[in-house]
Amino acid sequence: MIISMKIGATQEEINHVCERLGDFGYKAHPIFGEERVVIGAVGHGEHKQQAMESIEAAPGVESVVSISQPFKFVSKEFRQKSVVKVNGWEIGGPEFIVIAGPCSVESEEQILATAESVKRSGAHILRGGAFKPRTSPYDFQGLEAEGLKLLLKAKEKTGLAICTEVMSTEDVDLVAECSDILQVGARNMQNFNLLKRLGKTSRPIMLKRGLSSTIKEFLLSAEYIVTSGNPNVFLCERGIRTFETYTRNTLDLSAIPVLEELTHLPIIVDPSHGTGKRSLVPAMARASVAAGADGLMIEVHPNPEKALSDGPQSLRLTQFEQLMKDLRPYIDLWKADRAAAQATVLVGKA
Amino acid sequence: MIISMKIGATQEEINHVCERLGDFGYKAHPIFGEERVVIGAVGHGEHKQQAMESIEAAPGVESVVSISQPFKFVSKEFRQKSVVKVNGWEIGGPEFIVIAGPCSVESEEQILATAESVKRSGAHILRGGAFKPRTSPYDFQGLEAEGLKLLLKAKEKTGLAICTEVMSTEDVDLVAECSDILQVGARNMQNFNLLKRLGKTSRPIMLKRGLSSTIKEFLLSAEYIVTSGNPNVFLCERGIRTFETYTRNTLDLSAIPVLEELTHLPIIVDPSHGTGKRSLVPAMARASVAAGADGLMIEVHPNPEKALSDGPQSLRLTQFEQLMKDLRPYIDLWKADRAAAQATVLVGKA
Amino acid sequence: MIISMKIGATQEEINHVCERLGDFGYKAHPIFGEERVVIGAVGHGEHKQQAMESIEAAPGVESVVSISQPFKFVSKEFRQKSVVKVNGWEIGGPEFIVIAGPCSVESEEQILATAESVKRSGAHILRGGAFKPRTSPYDFQGLEAEGLKLLLKAKEKTGLAICTEVMSTEDVDLVAECSDILQVGARNMQNFNLLKRLGKTSRPIMLKRGLSSTIKEFLLSAEYIVTSGNPNVFLCERGIRTFETYTRNTLDLSAIPVLEELTHLPIIVDPSHGTGKRSLVPAMARASVAAGADGLMIEVHPNPEKALSDGPQSLRLTQFEQLMKDLRPYIDLWKADRAAAQATVLVGKA
Amino acid sequence: MIISMKIGATQEEINHVCERLGDFGYKAHPIFGEERVVIGAVGHGEHKQQAMESIEAAPGVESVVSISQPFKFVSKEFRQKSVVKVNGWEIGGPEFIVIAGPCSVESEEQILATAESVKRSGAHILRGGAFKPRTSPYDFQGLEAEGLKLLLKAKEKTGLAICTEVMSTEDVDLVAECSDILQVGARNMQNFNLLKRLGKTSRPIMLKRGLSSTIKEFLLSAEYIVTSGNPNVFLCERGIRTFETYTRNTLDLSAIPVLEELTHLPIIVDPSHGTGKRSLVPAMARASVAAGADGLMIEVHPNPEKALSDGPQSLRLTQFEQLMKDLRPYIDLWKADRAAAQATVLVGKA
């Protein structure tokens, strides 16, 4: 870390900071500039955040800046690329993975009709919410355990793996029994008790980016799960909150190459929540493929008008079918790029 | 609600929307404009959000706008002003309430020294975190149950009521046993399971505004607690996330008069998290009093440099003492305003 | 527009609003709901914004919402798709247009080397700043008139059309003499005097989205130019300001399909400013093509390390060459989509 | 500045960065950490921003961070506190200054009535827009030269100094003839040509913060004016753009103590634009005084409902009168604080 002292900081203050750095296990390298003193701290302290805050609180200190990434096990420096296996598919592997289904599980008829249709259209995994985080207590809160049963039925019928949200530590076991992927919703990205608890399962976890989370915070939340014992984590960009009101969120597609630089975890995109409008989903789905995402999550409903949640952003079954057709040539280019990249890696190793 | 049809929407589409409104229990009033048709929907449908989304998903619909507030029990229309009683004090009453203490409970010595000092300086309630939500898994996570015991000791010694955070449904009973106020942190403002569970206690709840929560979402989260059975809720503005990086958050003091217009719940301000910098706390504390908040929450530490969390934004004991002295004349003006407002209400009723 | 009266608004207040609506040329349709009264206003008032604000300021009014778009000549309702012709190329036409070049014109050698190289790589238009808007007065401010001369030389040598920024009404004539496209920078998107002045030229205008501009404001700025007399306007999405600090801005690619829905003006994307990092440009360029943009603007420099501005986001000449090769299959898909869309339109007309 | 090299950067890359730093006039101090190399750069290079970008663009560089403020003449290190004199009043001096008046000058009757009333209520300076920056070309654009004449009449009648906006370099002379203070609006905060031109006048300049400007950018814009020759600058916080939609902007009152730490320039607050709602203005005005602002700018209109702009946020004449009465005790506390601070400074000098 780099400590910038205030202009006019005394020698005593500088010495004090150097001593404190020593207490935390860092070696101090003061640089005496014309205007002020800057201290470089080298080493691996145990409690880096605490050390930074402590030093920042010392007299004569202007600011403290970290120069290393705060995450370890999810970082690119730890591994090049990881793959999350689900029901025979590999997220982060050579196939572009599509998760599709309704926002909420509403009835047996609804979920079965959707599952069969999205499978025919080429989806790999079925999504559907049983436990629903809703902004208002007056909105539909999900079918809960009953919804999980309906998802299992859909799995039996179609063979599709299941992805559904878990909202509370108390429900982890129940949801893990039924679902192939446990989803952490945007509003729970910093529910640290839930993250730690999910580290105790071995189920794949899909972690959605929080509404106002930086990339760094996003990766630290993934780090919570991984350091708690579960390395099967993949990420989902689903839009961030900005001043723009025409779209529900602002889909941050630059997160794809940014995460590609920083982490080995796979990353998929949810253009349905990312835009909030059905008409915008196809263009953002194509762009996600082209930007190099590992997959997509798309909301689909047999009758969006009768949906109990998120109707305006859900594709009809035929629209999803059309989308999958339209994505085909983009996914072909994606596969060629992947294969070429893989070949380069192999050549590099040879 | 108001439905704006697309330009060129057909009569069939308009009829369909009117029928759907009827299904949801609304009476439709179409207005035929020169450019497009607008439909006013009158009534109290059961599932308003669902109705809105359903209508928005119908063919020919451009947009749907709500004209009534989505919250009921926390609204100004339900009650003028409520008071939350804590240990003999009234938040929202005729006294300006100050909650003070360290970010985290770290040791018996630390919490007792802080408690005694802030009491002498005029604080009414002691804060201190036992369960800590930290962005990184490598940061200090709190003393947990041990921390709660230390808070109880501080209460015995000083008589100050206790305010501490609860992060998980599983910890609610434990924390409720020890603490006079249960705090919901910003990152848990939309942890709906936790909110519902807190509705089952009778303890006062302090709900902090989420980092990127609108006022409307803030009040809907309060509505979750109240509709679940616990009316003892007060709100805490603690800064929102913006593009500005000089401060940790942007303290939104306009939330005070806005909430005063919309809700009967008391509202306090946390300028420590709101700014992230000790030097900015006094000015923002004065401004909060002047803007009409019901109280303040201030982070105080006997030795901020040795704090295990939030040192840079914590006041030293003597700085807090000075702040309380400096606030005195502003609080006197505040009391006079409150008394005058109260007198007006009484005259109005007479 | 729709006027929502406060709960408990008096009949007198309602009548007053209806009268005021009449004054502004609207016909009032009050709807008496169970909770409150809502008034629909039908017609085309002259000063809509003023009418809305006036009504909002009247006693008993809760809120006023517009139901029609505030822009006319740039709207989709005015025309389906427009094309801006530049030096034989058509922006918004059947070719995907690439504008490339350095952030600033720095020397004859630099601009000629860049121009020749980007032309060989397939760029259609040369960019280069002569007048530079810089955050700090201590930064390089551009070569000004001398820079324009160098751009003309580059045009002579390569035949590439020129795109350069104009910052002030006083420079419009000078820049219009030399440049084929006049660029309005993000910081000047709401410099209304400049917009009006550009409406008096016939040169194509590239209008960049402001750092915190909504789509609606973006289109209203375009409307300023068009209503002032110049219909040759195209738009450029270049990233908006959010809380994320890893990227310079957050590139809002959903703006592409949104603008496609709202306006007939062509839209290009600038992933260099949109991300601020060279390594992120290729992925965002591919995504822009896939999302359906009409073109790209890319910063390229023969030696980014020696660039007087924006080095970190500029591609080297060879990197740009590689990017153009990599984009080729995506642009082929883009062309096929365009041709198919065009065929559909023709069939529709036949 | 501090350069953080990538993990695994080669010795050659490190040497290259050190050489480049030398080219720009900096002395390099590399620190060899366990994980990576960090280089401290000491000295005062001529083109710091360019040097930073150049180094950031070099191979092996991870990031470059500045450790000194980019502004000089407006910084606290240059001077403690400056005062802007206007018509016998001192902004930044011992009096709390109130600027009041309508958004736009609309008619002789309107501006005279307002001027006389706000003067009686205690305002020091009259505001009123003659040139109006409006989001839509269909909105009222101001009376322009005719408006300036009406402001002069109001000055003659009441003796109040005038504050009005200048939008374009071409209008600077005309506006400077009539107005005691030239206002730079939020949308022009980074209209650098205008800022440079205003540096050539000697008139006091009120610089409003841009809608999405950081504090640093705000001060760099002030630096443009000062380095161009005009030191008579004061700042105006008027709200920033965030995700919250209940208020027109989010008034950032923490900007007051932040600017107090960073600059000697006076700072006033505009709670009318900052909130966009008349009902919120009084609380935010009180808070501004308590936070230590040097003054306020308040929109007042004899008949807000008939206002041609900003009616919803304008106080009626009697409301402004009441506000000034209500502010009195807060201003008295403010004056006592100022006098005490002044006394401390004098004692320090003695």
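Note that the chains are named A, B, C and D in the order they appear, and that numbering of residues resets to 1 at the start of each chain.
By our rule, a residue touches a chain if its C-beta (ideal position, glycine included) is under 8 Å from a C-beta of that chain, and two chains touch if they have at least 3 such contacts.
Just so you know, these numbers come straight off a predicted model, no measurement behind them.
Visitor: Which chain has its C-alpha centre farthest away from the C-alpha centre of subunit D?
Guide: The chain farthest from subunit D, judged by C-alpha centres, is A.
Visitor: Contact counts by the stated rule: is the higher one at A-D or B-D?
Guide: Looking at A-D and B-D side by side, B-D shows more C-beta contacts.
Visitor: Between subunit A and subunit B, what is the gap in Å from one C-alpha centre to the other?
Guide: A distance of 27 Å separates the two centres.
Visitor: For subunit B and subunit D, what's the span in angstrom between their mean Cα positions?
Guide: Centre separation, subunit B to subunit D: 31 Å.
Visitor: What whole-number Å value describes the gap between the mean CA coordinates of subunit A and subunit D?
Guide: 39
Visitor: Send over the residues of subunit A in touch with two or more other chains.
Guide: Residues 212, 241-243, 245 of subunit A touch two or more partner chains.
Visitor: Give every residue of subunit A touching subunit B within the complex, in rising order.
Guide: 20, 47-50, 53-54, 56-58, 70-71, 133-140, 167-170, 187-188, 190-194, 211-212, 217, 220, 223-224, 227-228, 241, 278, 304-312, 314
Visitor: Spell out the residues on subunit A that touch subunit C in their complex, using ranges where they run on.
Guide: It comes out as residues 212, 214-216, 240, 242-247, 250-254, 256-258, 260-261, 274-275, 279-280, 282-284, 286-292, 329-330, 333.
Visitor: Using the touch definition from the top, list the residues of subunit A that touch subunit D in their complex.
Guide: Going through subunit A, the ones touching subunit D are 2, 4, 7, 29, 31-36, 38, 40, 42-44, 62-63, 65, 67-68, 77, 212, 241-243, 245.
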